[in-house]
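What follows is a pair of complexes built around subunit A, which joins subunit B in one and subunit C in the other.
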Partner chain A sequence: MAALARAALRFLSRPSYGCVAGASFLQSSVRPGLARGICTASRLFGDAGEKSDGTLGAHSMQEPQLENETKEAKHEDDGSRKTSHSDDLEGEAIAGEEFEEQTKLRVLNRALEFVPEYGWSMEALAEGAEAEGLSAAAAGMFEQGAVELVVHFVRECNTQLRKQLTEENARLQQEQDEQRPVEEFLRDALESRLRMHIPYMDRWSQAMGLLLTPQALPDSVCLLTELVDEIWFQAGDRSTDFNWYTRRGLLAAIYSATELVMIQDSSEDYEETWSFLEHRLANASLATQAASQVKQTGESLVQGVIGAAITAKNLAGFNQRN
Partner chain B sequence: MLGRFSSCRLVLRGRPLWRYRSNETRIEPEEWESVERSKRRENGGSDGVDRALLCRIIRVDHAGEYGADRLYAGQSAVLGRGPVGPIIQKMWDEEKAHLQTFEELMVRHRVRPTALLPIWNVAGFLVGAGTALLGKEGAMACTVAVEEVISDHYNNQIRTLMEQNPQHYTELLQVLKKFRDDEMEHHDTGLEHDAEQAPGYAVLKTTIQLGCKAAIYLSERI
Partner chain C sequence: MCFLRKARGVAAALARRCLSVEARKSNFGYEVVTETEKTNKVYGVFQNVAKNYDTMNDAMSLGIHRWWKDSFMRLMNATPGIRLLDVAGGTGDIAFRFLDYISSKPHRAFQKEEQDLSWEEISQMYEQREGEQSIDKGSMVVVCDINKEMLHIGQARARERTNTNGLSWILGNAEELPVADNKFDIYSIAFGIRNVTDIPRALDEAYRVLRPGGRFMCLEFSHVTNPVVERLYDIYSFQIIPVLGEVIAEDWKSYQYLVESIRLFPDQSAKSRPN
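Right, the complex of A and B next:
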């Protein structure tokens, strides 16, 4: 039975149809941990060969979360182990999840290299997994597939922009240079953020489409709001009233429009895109000026209405002093 | 077949196999993040601060102080030149200080303000001016009603934070406790100045308190 299991697993571990099928079959079943187990096990057996240890026996799956079996195995190995290793086990479980996260990150980062060739797809993820020394089935750990790759890329771009802007502001503060005008700052921030798409420009429309799918929509909206919030905060916006929303809404609209223009821009170094961006920012600043003027007028009107009410009250005799 | 295997574990030399990466060296325990940090991450943020809760508290309190500021502005617009003018002005100044504190907290923690601020702007002013038009007692009744709701609200927040983990929220707890005491003082001032003699005191108080509770509920979420 053990030999049969081992042989079955070795068959499944070949980076071929079998493994991907096995992993995806298990993904559709109830326990996602099993899929992880198969991927990890296939990776281990695929490369490391047979482990001739007595404790292996018929074991071919592993679940870091199951504590009883570890206890049994440890009792077999080391009878003098103390019983306060439930903390150890919890630590191991958490460490196991972190290992999975780190592996995912490695595969995602590596898969980005294959995007120009394979697009934002499971093939790119599989190629990335193989390039990292894992089996192609490891791409099965991304349940949402290509969407996760795009979301990861956008998140990385936002992080990079945040670092860039923070460093720039720190440098300005140190050298005590004058703060740049807000419009210029916004233009530079948006330009550097959009330039991060250039290596993937051929496939960017596919990425934008993926970001609009229902499973990606919450994430992509979140990322966009984080982006515009970060840019405005670094530009010096400290508003705590409704301006918070109008400014970020404006910038998000400008960013989305410029992204669309960039996709079909064929000019030298995207000159048309940057001039489009400048024009939209100029329009926006005009609009905000007009809005503040309207607000001032509104306030004066309100003052007038209050004055009229008080006058009416006086005339009607409600303000008599006796 | 799979059912049997799912209860098994891969173990090599007493350490779980997943600790080993093929073709690479073993991952040493020191390379992993400490368990405490990962546990903190599970709790939702560094230093054990529940960021969602913090944002919610600051957002709703900022909205509350903003509404109170507009309320006293409305009352002052009608009764500012009367005998209770100085009292209203004093309470208004304290609410302005509260608002400023929450604005600083909001910027420091990068919390978004509630999207309903323009509504609270107009509504607060109208309620303040409207009750003040009922006379000095009406204005005081409005103050009593609002300050009672706000004090309860602050108490609830203090209780929530104490239940979570008081050490991580020391500054915020201090602020909330001080503001709760200030609001209770306003409540008592309102009672001293004949709030209960306002026309339809019970109805007025209940209506205003219902409105305040609805505003609190909405501002926490929107």
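Right, the complex of A and C next:
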């Protein structure tokens, strides 16, 4: 019951869904939606680029890949027979697509085991395919090759983090415990997320490089924004003004910096990385305090200037009524 | 008694098959012929053009066919250990490119990796690499062609190359490959499938010889989408190419067949629909 209420609250208070109670309704429904819009647009742009590369003029290269029609698929398709021929074809096409998705996931998950040895590369994917019982050529399913492997891994890490944080919050809710201070929560969330890289630490710089290539950029930007959004949401952030952006932007910057530090960290259990993380978080909260102070000072300054202007007008005689 | 009955049954089936094959029509360019005639005529075409095949490819496509085949290789993105069957690959363009691609892989991987080794470690690595071949992992390529002349040309070209480890040549028909089941990782057919008389059979054979998870790759001419370019392409195909054929290879008709068969091959959307 509590979980349902939480889910409903989450749905309603997510700025991007545009339904927030309060005076800032219009503001929040337009601006946070912009972030999602940018994310989707960058994804679409990336897709359009890929599609236009696929069709050339005087010739076309075909690869009707036989994974869709391998022997296992034939058995599966028998279950989805419908009456008319076109329905048959459609049913087969859908079953074939699902089968392809499942096969891709299987190969990707298996390929992660080979990353420490072969790096984030087509070789790792080929070994993964072989380990799954398919031909090494099945790695050709991944047109973007190693990039798809890295993106898949990052997505899996984010999903795992989400599960972890949700469970933790549910547990805290049940036990009626005090909510932890935000800074501590952020620190723990980022630490557990970064710890997921440890098995692949030797090759992580290669992965970071791959995430910055043009093919991967839309996806990697989206994954990063989803990550920081998730962490802030779980930390209890329900802001509906510009803070929404500042907080996520700050956290993304901290996460990226800490990731870089972690790559070249050789201390015991990455202690230096975690202390770096703590310091950056402390700096960040100081910065937000300073920013709000500056804002207050600024406001009072402006008021002072207006007062001085009115006084000057009075003195000069402009405000007299004759 | 039993044997005689069986033999009669087999003979009857053969006769029926022969008759039905005779009756089935196929296209040889714009000419409508029977299927056996098509097979023979196509054989004749390639027998005539074999000697000038590569020169003509360069002349007709202005050298762009090399670009297409290089892209094909990049799309294939083979890793060491892959077994390729190149069907209708007579003069060996795809097979040679495959061998080059495979042997260049370790070099490329090395360049990306360790940047700060000591000079002793680097020289050790060079010594190691001379010894190891990706053939140790089992890479091989088999070139299959129905036409002996084309295979001879390919073999002559192979003799001029330094690296031919893992390369072999077989004479065979795409509709009836002399290969066992589940043997190959990649089946490629570059500019060959439109010359096959019974394409569905060739596809069935491809399915048969490929391992589960294997890849079917087909490089073929298709239709031009842009109408302006299409007009220019038509003029080029029908006015210039056969003339080139006559001048360089002294064979107008073979190149007439070539451009006609390109026009008749299904376009991109028809090819990608399952049937």
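Assorted remarks:
Simple rule for what comes next: the second predicted complex is superposed on the first by the 207 of 322 C-alpha atoms of A that agree within 3 Å, B and C clash if a C-alpha of one lies under 4 Å from a C-alpha of the other, contacts with A are read in each partner's own complex, and residues count from 1 in each chain.
Keep this in mind: a residue touches a chain if its C-beta (ideal position, glycine included) is under 8 Å from a C-beta of that chain, and two chains touch if they have at least 3 such contacts.
Owing to the predicted nature of the structure, the values given are computational and were not obtained by experimental measurement.
Within the superposed three-chain model, A:Phe233 lies in touch with subunit B and out of touch with subunit C [touch as defined at top]. Of the two partner chains placed around the shared chain by superposition, subunit B is the only one that A:Phe99 touches, whereas subunit C remains out of contact. Once the two complexes are overlaid on the shared chain, A:Ile306 sits against subunit B while remaining clear of subunit C.
By the touch criterion defined above, A:Gln293 lies against neither subunit B nor subunit C after alignment on the C-alpha atoms of chain A. Judged by the number of subunit A residues each one touches, B leads among subunit B and subunit C.
Contacts of A:Asp241 after superposition: subunit B is touched, whereas subunit C is not reached.
Once the two complexes are overlaid on the shared chain, A:Met122 sits against subunit C while remaining clear of subunit B. Of the two partner chains placed by the overlay, subunit B and subunit C both lie in contact with A:Gly133.
Look at A:Thr166: by the touch rule set out above, it reaches neither subunit B nor subunit C. Put simply, subunit A uses residues 55, 58-64, 66, 69-70, 92, 133 to touch subunit B in one complex and subunit C in the other. Per the touch definition, subunit C reaches subunit A in the complex via residues 68, 71-72, 75-82, 109, 112-113, 185-186, 206-207, 210-222, 224-226, 229, 233, 268, 271-272, 274.
Listing the residues of subunit B that touch subunit A in their complex gives 1-2, 4-14, 16-20, 22-24, 27, 32-33, 35, 38-39, 42, 62, 77-78, 103, 106-107, 110, 112-113, 115, 117-118. On the subunit A side of its complex with subunit B, the touching residues are 5, 31, 34, 37, 40-41, 43-44, 46-48, 51, 53, 55-56, 58-64, 66, 69-70, 73-74, 77-78, 90-92, 94-99, 133, 229, 233, 238, 240-242, 244-245, 306, 310.
Against subunit C, in their complex, subunit A makes its touches with residues 55, 57-67, 69-72, 89, 92-93, 103, 119, 121-123, 126, 129, 132-140, 145, 206.
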